[in-house]
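One chain, chain A, appears in both complexes that follow, with chain B as partner in the first and chain C in the second.
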Partner chain A sequence: MKKKYVFILSFLFVINYTYGQNKNISFFGLHRTPINYTTLRGNAVSGDTISNKQGTGGFTFIDLGIVGKPSDKISATAIMRGKNEFGAFFNTGASAEIRQITLEGTIADKFAFQVGDIDIGLTPYTFYNNDEIYNTYEADIFKIRRDVVHYENFNNGNKWRVQGFDASTKAALNKKILKQISFRGFATRSRANNQQLPTTTLYYLNPDRLLVGGKLGVIQSKYFKTSGNLVHFFDITGTSLDSSYSLKNTVLTNDFEVMFLDKQIKMGLRGEAGQSFYRYSERYPLREVNKNDYFYDASLFVKNKKIKLEVGYRNVGPQFYSPSAQSLRIINEISPSMFPTVNMGNNARVQTLLDRVTDLNIYNKSITQRLMPFLPQYGNVQPYGIATPNRSGFTANISNTQDSLMNFEVGADLLSEIVGEGSFSLRKFTSLRAGNQLNLYKLINTKRIIQLRGAARMENTTRSGSVPVNFKSLLVDAGALFEIAKRFDFSLGYKYLNASGNEYLAIRDDFNDITSFNTFEMKSSQGWYTVGLQYRIANNSIVSLHSNLLAYQNKQDAMNSFNINQIFLFYSLGF
Partner chain B sequence: MNFFCKKHRFFIIVHFLVCSATIEQASADSLSISKLYNNISFDSIGRVKLNFSGVARFEASYRNMHQLYGGMRPRVIFVNGWQNTPFLELTCRGERGPVKFDFGMAFMHGYMGFDQKVQPSYGQLFQRMGGRAKVPTRIGMVELTINESHKLSSLTLGANIQRFNEFYRPPWLWYRSSKEQFSNYYSNISAKFDNRYIYGGIQGLGIEITELPKQFSTTLLLGKTAGSGFFNNTIGIAPAIVFVGGKVSKSFGRHNIAYNSSNSMGYEENFNNNYKSASIHTITSEFYHNKFTFFSEIGAGRYQNVLVKKDWNPAVVMKMNFNRKNFLKLPFSVQYFYMGRNLYNLVSEVMNSAVYDTDVLGLQSKGAYDITFLPGLVTDLGILTNNRHGVNTDVEFQIRRLKASFGLGWNQELSNEFNVITFEHRNFAAIRSRFAFYVNSFGPYNDLVQFFMRNFERIKIEENPDSISYRKSYNTVNFNLKYKTSVFGRTLYAFNFINCNTVSDVVSPFPIFSDASFFRYIYEEATITYNFASKFHIIFQYGYEIARGNKRTTLGENGNPMNQTGVSKGIGLDYNLNEIASIYIRHTWFDHKDKSFVLDNLKGTETSLEFKIFF
Partner chain C sequence: MLRSDLKTYSILISFCIIFVSCRDLKKNDVIGPKLEVSPNFKLLEPFSFNLSIADFQNYDTVWFNALFSEKAYWKINLRGLNSGAQTSFSGYSEKLNASSARWYGKSKPPIKFETSERVVAELEIRGHETKYYDTITKITNFRLDGAGNSLVNDFSFYDYGASEFFFLINTDWSEHPDMPLQKISLDVSTSAPAMSYLGSIKYLAKERNPSKPYYLLQDQNYDPKEVYLNLYVLGYGNGNNYIQFNLLEDDNNDQKFEGNKFDDFYIYDLKLDWIGWKLVSIPYSSFLKSGKGNGVQNPKSLMGVEVIFHNKWFPATTDHYNTSISFIIISPDGPLSEFSKN
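Now for the complex of A and B:
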């Protein structure tokens, strides 16, 4: 069964090899092979005869894209994947699938459209796939690892991969009154009902769930622009015969930017405000919940050619629900797929920095109606991104505006809860972050890349009163890259995360109501050291060898401390 | 690396055939499509010229029913239509010296979303993989095929033909513009059936040799066919060949005579001791005269399994097509057919209304999913079914821009085997067919049979089978009108189709529209299309259906027989973006009610959006 795909792909490659690109049909592709040899050591598995302690893993795949472009205005793309898991022989681990099919083009030179597997993003409060952790200034050697999981998980920037259509148009108007007006609309099926075809007798539980929305934008002039955004996430009751629940979640927002000054120094005000309308009902037992809440976010910015300063205030209501902006990229409640248990199989191993950068199986592709559980050590101040509900306070950020010798960012969030969770007292959140990238090669005027990176983020959560909270975390990044020969790089990377204190983690039901709290106490640190060599074959092709050590120290229970050693070999060829 | 040097020519052919052969899932729906697309020709690179063609099609529809019907969901979203409708099809053709080859593949995309709890995130399937190579040899032109479509003869290898409504768009429609579609339908007076159905898909190997000496040609087919799914796991033959067919043909100028053979064999899926076979052998002849053409197919076929070993039964089909040079000065045709009861060939044009295909326990094969058995089928004009003999006539005429065809058919069972009549719902059939997929006992009374874009219903005659002395007699009338005119300088087409069927226990050349008939059926379908702007068509459709039984059939809750009325009203908009891409929108209001069977009551709407691009 599997062998056939090898033949198919091999034949297609014959065609590709022989004929390459063509003016109307073209091919592109990506061949990747990440392989790792990993060992688990330390107290957590000392004397453990049950848990896995070492293993070799990886896979190789070829994504072959075919682009049919019958005219300049329309194209169809299909990406086929042939994949083979390592450790499987005689094709037992081979699989083939269609990774993406997309049609795109323009209609009457006015409407742009995409149909099929598409990536959609709007604003941070409406449709936004938040980064899994602060990683802007992490070392390049980590970015290579992160890029693998992002590609596999369809994390294209901060967009969500969805299936449906997206169309947009814009029109230039009278320049004195309105410079431009634009419209965008999309409709996707987030989930099909769980119908098993063909059938006539099955009763269904899950109805079809759609996600539709759009944006109406107006540019009045360079001094003022605004847009209205809509995202509607809903079940179509009746598409399952026995729908046990029904969701309707609408988010309606308006974002704007007003420029007061537009000369060498630019100054203005930008922001977004809106409301969510949440209705969720269940049949067994019969219950319906309606929650409406609002948010607003405004910031004053000043910038010139080199630097940008932004200071703002935001208030996101405790019952503001925007699933397409609040769903998490990582599923936090599951164990890593590599070494999932420790201590004779009695304890689940915690997710570490290494797992969250490299483990494909903990990544999430779906937009969920319920606020997903999170791990506070990886982000407690705004775990659901800017749209995290129940937050208000000031934010500030300074950064450079263009690539230069030194790129940097310094930011702070001083937030607090709007209503108490499990207590009348409110949590206070402080988050400080700073990052820097020093392009030394520009300083010493050499063509060989020499780059240093460093970043730190400190979070502090406190609550006074009868149920106090005091939780701190520190995330540090450091890295260096030296091009020791042409296209041949030596890289160093370091990540450190220290977390300590206590928290109460909310447990939510399907209505997003908090039903109870889990007491969370942590005193741990982890450091991830990596060193590697990489050869850049071409702009989109690389071969790389990394050595990794992750030391996880549980300071409350030394028996749960462990070390992970990993040799990682990576080959990626784009064509 | 020159893959196409003489040394490697054989390797290339074998290679792509092996590639193709390894795909186990072939779809008959898309098999012949590649023949119909135009190609984009590319520059010759090296010494090989490749042509790519294909089609991408997205269709989403939403049906909203006002009440529950037959246990189905009241609201449904379909993306890309039926289960096997491809989203993207690609065909590549190449030529190297005397060798011509092509291969194709199709992919589906269900838009299931990424919810991990319900569906695999993006588990689309290769739906089709096939190919062919044409090699000139000393003895003739040899064409090797894998997983491609073939036609032997009507009784041996083809497919059931069916008429489609111009309003509802089958997935494989190859017209690149609505103008072309409606113009084509208007131009051909008798173009009622879809050409796709003249072919039968073969999942396996085909060898066809033409241009043999003395005007001979031959075809050999090995594999599985779309309709041979019930013949599985042939033991002792590797690989599992469940279909062997072939043809030897001799031409005499324009005239032709051929021997055709079709043999399906295998074991019932779950019972390896249940061997089955169905065979049919025929002689076809084609004779061309300046005033008429004559086609005939004469042969014999049989079916057997471990429980029954049925005898060889004869099959005769003869048809005369007269052109305008005859005494009537009108083109007309006459067809006579005689189909023995034991003719059982699911891969031919003969529909099965007589052989109850069973497993070793005597139960219907595949249970609720066996849609191959339609007892007492009411056939459309020209459609063949077993255990029948009959005559079909059809006459065509034109009065200025009005084109018309009138058909009259009669046929009768050879023996009364089942006290059941199966008839087809033509009104909003495409919508009905998606109420449930490929099942034989759907609906509130479990009497609906769900086909691809078709919907049948069974009605039972409540009489003791042992005391029956009659043989059911079937009458059909088709009346088709097509009119073309110009309104405000733009083309307007009006089409009207009327179909009447009756089933009774007496022989009559004409339908009997009275309670003397077990069953009466009338269908009226009107379609108007207007090209109101250069790239736009608006389409209106109206369908009306009446189906009635008499007191000798099963009575409903109120003590009366079947008394159904169905209405459908549709509006559509076609926008041909350019010569290769179009958008089609359809909206239908439908209503169906049986005054006697109170649960057979449905009402709703369906809206669909289709976007299609040809390469």
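Now for the complex of A and C:
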């Protein structure tokens, strides 16, 4: 433990000394302290002498970033974290670690590059970290909680945090045929081999797994632009003593945008099409599977300064596999880390809305070859984002184009399976969503923020035939923010999720083949009520106190219903 | 728009159409095993209990028999005619037998089956309208320390969900000489090691205590010198065969095993140089440390056991070795004593 503090002090000393010697060094940092006191009540733990029913949790950390910039062509950033779990000072909960090391710069003013811990994203079909649930118009008070988890898990927008390099260049041609051409390439190691671990043959099986790709973009004019995208996810056999299996998954796509009209009203066509080539083999027993499939997605859009309308059609093949666009942000098959069991330890507690917004440990940081299991109540229509395999149909979306008194969106997806899962009958999917943010302070012309938010998403899945499916869910968001004194906010938030019906959940093996189905039946509702006070110390610094109540009602089995009460105190200081 | 733009765009679209012309599956294909049976589905052998009267206290084990005309998803619902207690079993197979599902008298909480109660079993076949029935008379309640649940009965790979791998024994096994050993076969038929994973450890062996017949391993801190991994192993006298046990600890308590980051695992290689069944008891403290956890042996953090059957000298692909294991039990207070078997 002492070593950690010696490490921190040494680091601070080096910073101080270096800063004194060199003005090309700059610093930034973030200090956060989330603390909660939480209780679990209800039928699920009534008389339960084994499951935990209350607890406090929290930690404090400081991320210190140092940026060395010897010239304007290159810079190196290191972020070091000192962290203490509450109740574990000078004990096992304290830790010091390097959170990020990145080198970035330009070569000959032509090539930009990044090396180290980098965030990468391409298109929604190639490299995309999908949102865990529809949350665009959720209450501000929930966004504070979500931001904590996203920061901890490196969920920077829809990009994936990876380790490797990323380089790009572009050339402005200013010619009639081509206006600009750009190129980007990246290579990352998504998993290291584990042969360095001693003794057991079990741990000799993982070879290095790399993820490489790139983008070649062309802007022909303001009327037409296109790009080719490549992502190759593969194992390097031979990097472990016993390369018992090998993966190669290549996704090649082309995206484009054509403008028909570019005046006050803009109109055009945009889309993406491509193919995946999946090959996975195992030596014991010898088996090799090859699956190739394609997708296309095109939409017509019309927009002016205030509003945008987009109508599209897409077809994503049942065997279209794009791991870096289909890996889930949340691991759905594990129990929450807070109160993992109920009913005398006999049942795992289900993940609730509160867990999925606040539990650091259920978030996934890695790209997985296999389609991960999902929970249909949180999204059954497109569980893997718009790259969800085996979907075709129409989509539509209307939204405003600039921040105004009222920001809104209304959208719909009317989809169907392309090939049946376990049945010749095809599932039909309907998803309707609407969200709204009303900036009342603009209406009454005051500088104090008064904001109302609301959203709803309804999903419906049906299948006829001898193995029918009928599954519905309704997600509702509501929230309000009142700046009752300067920088001092009073916030309200409400989330509601109702899910009922039956589904058949696919169980997949390492080859992404469906080997069986789990019968899934649910009739449950959950409501999350929260109220809070928040003081904005500065633009990136807040202190906040929330009171939460989550009521989970299992309507099939009342013995699995429970309530969670939580007091949450949060302090965040950015500098 | 310029004419040349249209031309460029047309070429690109044509390229895309050619590019995406490959899809392995056709519209009338089905992904995964079929959930529905064919219209000609029938029972080739009737649905029935193996017993007409079940005395669980005397270690009767109840299962179901049936033979289907094709592989099917089935569900058996049991309902007590007096109590209304219920439980169910489901699976996907071509027949029902002792290995498909076993009933030891338990029900889903909160209602329990009554003694001397008639229980009706209803067999549903997914996608098939007809249901099939049989009844049994249950004359005693189940006992937690009975047969069946105490056995390792499945080596499902990475089956974290199963909770019945480890069970108390709070009984003198010599009282039950008729209880057969149920075995799990492990074999090595190629140069690859045979591997199996046992799921989460939940129950511990402990002294007889009817009010609380089992203990959660996670409940308290046990001395690694007193905690034993016990099991029966069938040896064939081949001194090159080993079973490697890995005890996986969840040192950072995140419900995941991360041996290359945060967690320890402890290894023991057991040489199978005897012939016949033998009770083996290995103290936790004699396992060798590996992994990257806190470096402290802590049975409270134990979250799973890996069992790997391997041959030190990788055999030729034509060679074939096997062994069997049974009654894997974690005991917190010393090794288990031998019990009778046949």
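Keep in mind that, in the parts below, the second predicted complex is superposed on the first by the 545 of 575 C-alpha atoms of A that agree within 3 Å, B and C clash if a C-alpha of one lies under 4 Å from a C-alpha of the other, contacts with A are read in each partner's own complex, and residues count from 1 in each chain.
One rule holds for everything that comes next: contacts are C-beta pairs under 8 Å (C-beta built on N, C-alpha and C of every residue); 3 or more make two chains touch, one makes a residue touch a chain.
It should be emphasised that the depicted structure is a prediction, and the values quoted were computed from it without experimental measurement.
When both complexes are overlaid on chain A, the residue A:410 reaches neither chain B nor chain C. In the superposition on chain A, A:274 makes contact with chain C only, while chain B stays out of contact range.
Of the two partner chains placed by the overlay, only chain C lies in contact with A:177; chain B stays clear of it.
In the superposition on chain A, A:67 makes contact with neither chain B nor chain C.
Using the contact criterion defined above for the overlaid structures, shared-chain residue A:115 touches chain B, although it does not reach chain C. In the superposition on chain A, contact of A:456 is made with neither chain B nor chain C. Applying the stated contact rule after C-alpha superposition, one finds that A:422 touches chain C and leaves chain B untouched. In the superposition on chain A, A:260 makes contact with chain C only, while chain B stays out of contact range. Contacts of A:50 after superposition on the shared chain: chain C is touched, whereas chain B is not.
On chain A, the patch touched by chain B and the patch touched by chain C overlap at residues 194, 197-201.
In the complex of the two chains, the chain A residues touching chain C come out as 50, 92, 176-177, 194, 197-203, 220-221, 223-224, 226, 242, 244, 252, 254, 256, 258-260, 273-275, 283-285, 291-296, 317-319, 334-335, 337, 340, 343, 345-346, 361, 390, 418-424, 465-467, 504, 506, 513-517, 519, 559. Remark: chain B residues 1, 3, 15-16, 18-19, 22-24, 40, 42-43, 45-46, 48, 50, 52, 54, 56, 58, 64, 68, 70-77, 79, 83, 87-88, 90, 92, 103, 105, 107, 109-119, 121-126, 129, 368-369, 436-439, 441-442, 450, 577-578, 580-581, 583, 611, 613-615 touch chain A in the complex. Note for the complex: chain C touches chain A at residues 1-2, 4-5, 8-9, 12, 15-16, 19-36, 73, 75, 90, 92, 109-110, 126-128, 163, 190, 192-193, 195, 202, 216, 219, 244, 246, 253-256, 259-260, 267, 288, 290-291, 294, 306, 308, 310. Across the interface of their complex, chain B is touched by residues 1, 3-5, 7-8, 10-11, 14-15, 17-20, 22-25, 66, 68, 70-71, 73-74, 76, 78, 96-101, 103, 105, 107-108, 115-117, 161-165, 188-195, 197-201, 204, 206, 208-210, 236-241, 364-367 of chain A.
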